[in-house]
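Chains here go by letter, A, B, C and D, matching the order in which they are written, and residues are numbered from 1 within each.
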Amino acid sequence: MDFAFDEKTEDYRKRLLAFMDEWVYPAEEDFHASYAGDWAPPPAVARLQEKAKLAGLWNLFLPGEHGAGLTNLQYAPLAELTGRSPSIAPAALNCSAPDTGNMEVLAQFGSPEQQERWLRPLLDGTIRSAFAMTEPQVASSDATNIGTRIAREGDEYVITGRKFYISGAMNPNCQIFIVMGKTDPGAARHVQQSMILVPRDTPGLTIERGMEVFGYDDGDHGGHAEMIFDGVRVPAGNLIGEEGSGFAISQARLGPGRIHHCMRLIGMAERALELMCTRSLSRTPFGKPLADQGVVQEWIAESRVRIEQARLLVLKAAWLMDTVGNKGAHTEIQAIKIAVPATTEWVVDKAIQTYGAAGVGQDTPLARLWAAARTLRLADGPDEVHKRSLARRELAAYRTP
Amino acid sequence: MDFAFDEKTEDYRKRLLAFMDEWVYPAEEDFHASYAGDWAPPPAVARLQEKAKLAGLWNLFLPGEHGAGLTNLQYAPLAELTGRSPSIAPAALNCSAPDTGNMEVLAQFGSPEQQERWLRPLLDGTIRSAFAMTEPQVASSDATNIGTRIAREGDEYVITGRKFYISGAMNPNCQIFIVMGKTDPGAARHVQQSMILVPRDTPGLTIERGMEVFGYDDGDHGGHAEMIFDGVRVPAGNLIGEEGSGFAISQARLGPGRIHHCMRLIGMAERALELMCTRSLSRTPFGKPLADQGVVQEWIAESRVRIEQARLLVLKAAWLMDTVGNKGAHTEIQAIKIAVPATTEWVVDKAIQTYGAAGVGQDTPLARLWAAARTLRLADGPDEVHKRSLARRELAAYRTP
Amino acid sequence: MDFAFDEKTEDYRKRLLAFMDEWVYPAEEDFHASYAGDWAPPPAVARLQEKAKLAGLWNLFLPGEHGAGLTNLQYAPLAELTGRSPSIAPAALNCSAPDTGNMEVLAQFGSPEQQERWLRPLLDGTIRSAFAMTEPQVASSDATNIGTRIAREGDEYVITGRKFYISGAMNPNCQIFIVMGKTDPGAARHVQQSMILVPRDTPGLTIERGMEVFGYDDGDHGGHAEMIFDGVRVPAGNLIGEEGSGFAISQARLGPGRIHHCMRLIGMAERALELMCTRSLSRTPFGKPLADQGVVQEWIAESRVRIEQARLLVLKAAWLMDTVGNKGAHTEIQAIKIAVPATTEWVVDKAIQTYGAAGVGQDTPLARLWAAARTLRLADGPDEVHKRSLARRELAAYRTP
Amino acid sequence: MDFAFDEKTEDYRKRLLAFMDEWVYPAEEDFHASYAGDWAPPPAVARLQEKAKLAGLWNLFLPGEHGAGLTNLQYAPLAELTGRSPSIAPAALNCSAPDTGNMEVLAQFGSPEQQERWLRPLLDGTIRSAFAMTEPQVASSDATNIGTRIAREGDEYVITGRKFYISGAMNPNCQIFIVMGKTDPGAARHVQQSMILVPRDTPGLTIERGMEVFGYDDGDHGGHAEMIFDGVRVPAGNLIGEEGSGFAISQARLGPGRIHHCMRLIGMAERALELMCTRSLSRTPFGKPLADQGVVQEWIAESRVRIEQARLLVLKAAWLMDTVGNKGAHTEIQAIKIAVPATTEWVVDKAIQTYGAAGVGQDTPLARLWAAARTLRLADGPDEVHKRSLARRELAAYRTP
């Protein structure tokens, strides 16, 4: 057992910390203000992407030959650092959700043609992608509820359904959608679903509107679309893997995605704690700095204690992913989904409270951080679904056979 | 001791419930969509105000001859009902903050000229007003921190300072500001401050920008302005009461305001609980309705239990205001500030969780309700300030003289 | 709506407050130390009972002709006061559980013979009683689980079963047990059960041992017995009411019992808050009194806020019991069971923390108060059962018929 | 970074797990019942100590030549296992507090004579010891408050003071006390204190009474004594280290002690979770096992998530102790004191709730586990002291120099 980062990780951390200081934080000030309202990222993103490529900080998330080749445990602390500036850093490093998960899917399950056509430009950062799973009419945490149909007709698949909260989809440069739907609704529970690639300009695909997240449309990150697939036809070769493999692929996609999300959340919590500390030292209601108030000290201490615990749990989950794989890390992957968004939400809430009115507004990143953390308590299944599943696994050990 | 509403209250409740059903709820659907982006209320507000006047549901908040003449205890349950649709109902009944508090100040402390010039049109609903207290550079929960100066020069006062989160101020029809500042920074702690009336078109007054609340600009309620007073001159007669009375007036303004806010919060919590129940009955992930899930049942039960307790506490505070006055109700007025926003935030959070992604978006009122409740945990002093003050009063009983 | 106590209540409160000061608090110091280890109350109890009778503070809990004739709403604030010294005051006033509930059952459902034989001496305080419902082998919160059999044989009933946590039963002067069992296990769910009177000296009844509550055996209150009914025979006339009425009687018994328990818990919380305040003023670690520490102030304020809310909810439940009866008060009766023990536990926990090691020991009442509050979170059904039931009632309003 | 135990640890774990199964768990059933009331451990302890020596599971806590020579990181997971049966396993392995801390002090700071006279028999398990620091009259979390005087008179020190909650001291075989007192009350804050060895039979030392912990006197572990030092005289050679070194030694003693306590707490939480699971599977109120109730599943999942986080934090603290020492591990050592007792208390509370009345009694270990966890929230400084200190360190990074 050893809690020190390895040399490679330390090297990347050093370079990424320098990159954050030199390029990312300075870009924060007018980032949201420079957004043109066109659902495309502000110009800073392209500029920083060039810098990141030069700095060798590109596609860090992707193991194997297509990406930087880091393990989950090596990438995790880097993802944390990008989470300190979540509107900019992940995009700058081509490490943004949902593109990261989509690239993983294409790298792992895509055909050579699919990889050539879509994975390459995604890796280059010249296009963006989206992942169309959640549906407005059903509880999508239960994959058997999915209503979208992917029906084979000759050499094509015909896709019909409605999706919403499809992140990044409003961005005109989001060229490709991975769509989850049912190819065989009558099959066994977990082989009904398939994933299929749908280019943006396919007839029948309509982007209806941007969904909000607590008043934010997240336009500078491509928004969250409600979209209709009305008899959308794509070649049969657009199916990813085999028919019925959709659920299994989505599970494979989840593990690394959770680790990325959770490590970024740790970074968000650290940022909030930093803001809480600096604010507490500078404000002096009733004659002494907030930092001398016992309640604020309690928040700071609790924040530190909670963050440390959460980070260790995510790192262990990453280590398990690397050593025993997705399945062996199942409990920890669920555990971090349960623990980390709640922890970050708690810390950000306290940071907001130290800022008073300013904490809920646009002059600090806190309100956005909060909205992101809160949303991750329900994104990709509400906490409660994961708790139930984890409990069942825990109980299984005690059931008499 | 008697927990039944009196006859008058019951009569008003019946009529208000009918008004909500007939006019308010139907106006909700396209209310936010019909907002023109001009910081003025959507057309529905004026239309519903006419209906409310006809229905005898106008200025219910105001005791005495200027308003409906209800006691705090009689108005409280009506305020609760308006809280069920907080973007529409309070405005429709001319019972919106901050106008209500401003009208109370003018009715109680305004000169006949001030009442004629500003109170009358406010009571008629033909203009709106704002209350300029919070400042960006200081912890405004401590009134001695206020940086804005109100300096006497001959027959005028000259006002210099910066304010932010001035709710309603972006509305072009917000004709009058009550501004809190210091007339005598060298005086004793609580007689440094004064309040003064500043018409919107006074030279030197600049509305800089709208502040956000978790991504919402609340444009349909006049937004929350950052504004500059740069040597703004008004006649000496614009001062409310006497020099140095600002703190005392603000305290008087607080009591009823808290009760209104808190009762509306109760209504918001009830609305969220209703939405949680209907959603839980209609969604069936994993083969059974959410309403049959133990965790959801726990949320529903806890919500009911917390709401009932919170409501009773606010009603008692209202009763104390009526029977022993602001000072005698001090502990309870602080207690509701501490308890109620947190309760409502908790209930709304759970309701959001039952809705999944839809809960954070624009298709249910939940995300807005949440933002409102969260903000009230810090508006008019963060909870922590009130807790400290309440604790000191509690401890005082045990101090040896 | 009126939050003032009526005149009668105020009069009783004044007299009870004086009684507490004169007799109860002074008896606290050596109360537990004077316990002889014989499961009988220390001598102070009998002495104080004489004083209470003289002071007209006797059987206050019992409405109607047998008792003091107070309403639930009138008795509630008196029960609160007795909760401030829960080992002594309730016993001194003949207002202790489980005797109070047993007397209510006998007064309401007992035959004239049963009343003459058992109710009279209980009202006089010359004997004590116990209520034998909970069983070790089943989840007794579900009455259909009860395993004890009450079988008719000729003119007798034969009782067989095992009970535990039968409070008061170790006291040799506990002369009579009301035993819950099944007369007809095949009947519909809620008419299987009956209640029957079993005198202590009946053959086949064995008191096995005293059960502990966090290390306390509560010997000075008669302990909590595990007992066996092994073919215990009693005359048929010992059945209370009719066969199959057991569940209904237990429900009737619950309402007032919950109000008494919850009001005493409020008194316990008040006592703990008082102790927290006095301790905070007298201890000065790190150079200033605990009372000046922000975290302690937060505890004190939160305690006050929570206690006020909890008390109002119990008073409202009492008022509903008086005005619309047990059934109409169902939601509130469950709500107080959910809210009040948790509130008191929270307050006592914080008080303990201000005392450090002394808080968990025998020199303050806090550790005992805590154990009592914690136990009431599971006594007469764990909170979770009540939450589920309350949630169902809440949801029922939204179900389409 | 590597989350696997090393080979040595795995070997010890395997052997200790076998020892727990073969000797410890079977001894649990009548352990408390076999306690003779004489404040000495039940006979099982001596018997198991022999087995532990034979199994090479002796003095595992002690690094260096005197003990098993394990690092903190190697011992930590073994301490966890002993925590699963905290009344028996630590004593059986000669790894009980407070002896462990006392042996560490003697091994590290004791003179050769002190080691020969006291350390050797402690290592052999032939005598027991106690650590007399806490005082009833002052807040002992602030060492400058300590009232006990250790005054030099010629070749002797004279000790005068009152201590309480001195764990283990009631045991007649507790032969030696390490007493904390002030040799120079006028010196700088942290060099006023010294530690001194006082044999049990020294004149002037009186053991007054056993203090309770929630109704438990912990007699089978030597209880918790209140004791008086009334002019107790010991040779000058009994001072540990130099005059004024008491605070520094106590700090050195703290680090490993916290890790031991916290890892045992993890084991206690695991035991409670195991009991919660088995109970949930076997109880079926309302027609289905508790294990199928959503709320119970939530408890189980949350317990697992919290325990995993807490354990990782303690292991990291142990690793820091080994690699950068007490000082470098300061934040983590405080963090585990804050996090772990609260986590274990939470888990045990939920386990109790699944047991209903049985959960608070003597037939499961839960009530004792709870009392232990609760007490550790205030033992060796209430959480709040540690939070404040941790917050100050966190804030220091942001202070402008």
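Everything that follows uses one rule, which is that a residue touches a chain if its C-beta (ideal position, glycine included) is under 8 Å from a C-beta of that chain, and two chains touch if they have at least 3 such contacts.
Keep in mind it's a predicted model, so treat the numbers as computed, not measured.
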{"item": "Joint neighbours of chain D and chain B, given as chain labels", "value": "A, C"}
{"item": "A-C against A-D, pair bridged by the larger set of C-beta contacts", "value": "A-D"}
{"item": "Centroid distance [mean C-alpha coordinates] between chain D and chain A, Å", "value": "42"}
{"item": "Geometric centre distance via CA averages, chain B-chain A, whole Å", "value": "37"}
{"item": "Approximate Å spacing (C-alpha centroids) for the pair chain A, chain C", "value": "52"}
{"item": "Chain B, residues touching no fewer than two other chains", "value": "293-298, 384, 387"}
{"item": "Footprint of chain B on chain C - complex, ascending", "value": "1-6, 9, 73, 273-274, 277-278, 280-281, 291, 294, 296-298, 300-302, 304-306, 308-310, 312-313, 315-316, 319-320, 323, 331-332, 334-335, 338-339, 384, 386-388, 390-392, 394-395, 397-399"}
{"item": "List of chain B residues in touch with chain D within their complex", "value": "293-298"}
{"item": "Touching residues on chain A, where the partner in the complex is chain B", "value": "134, 136, 138-142, 145, 164-165, 211-217, 283-286, 290, 293, 295-296, 352-353, 356-362, 367-368, 370-371, 374-375, 377-379, 382-385, 387"}
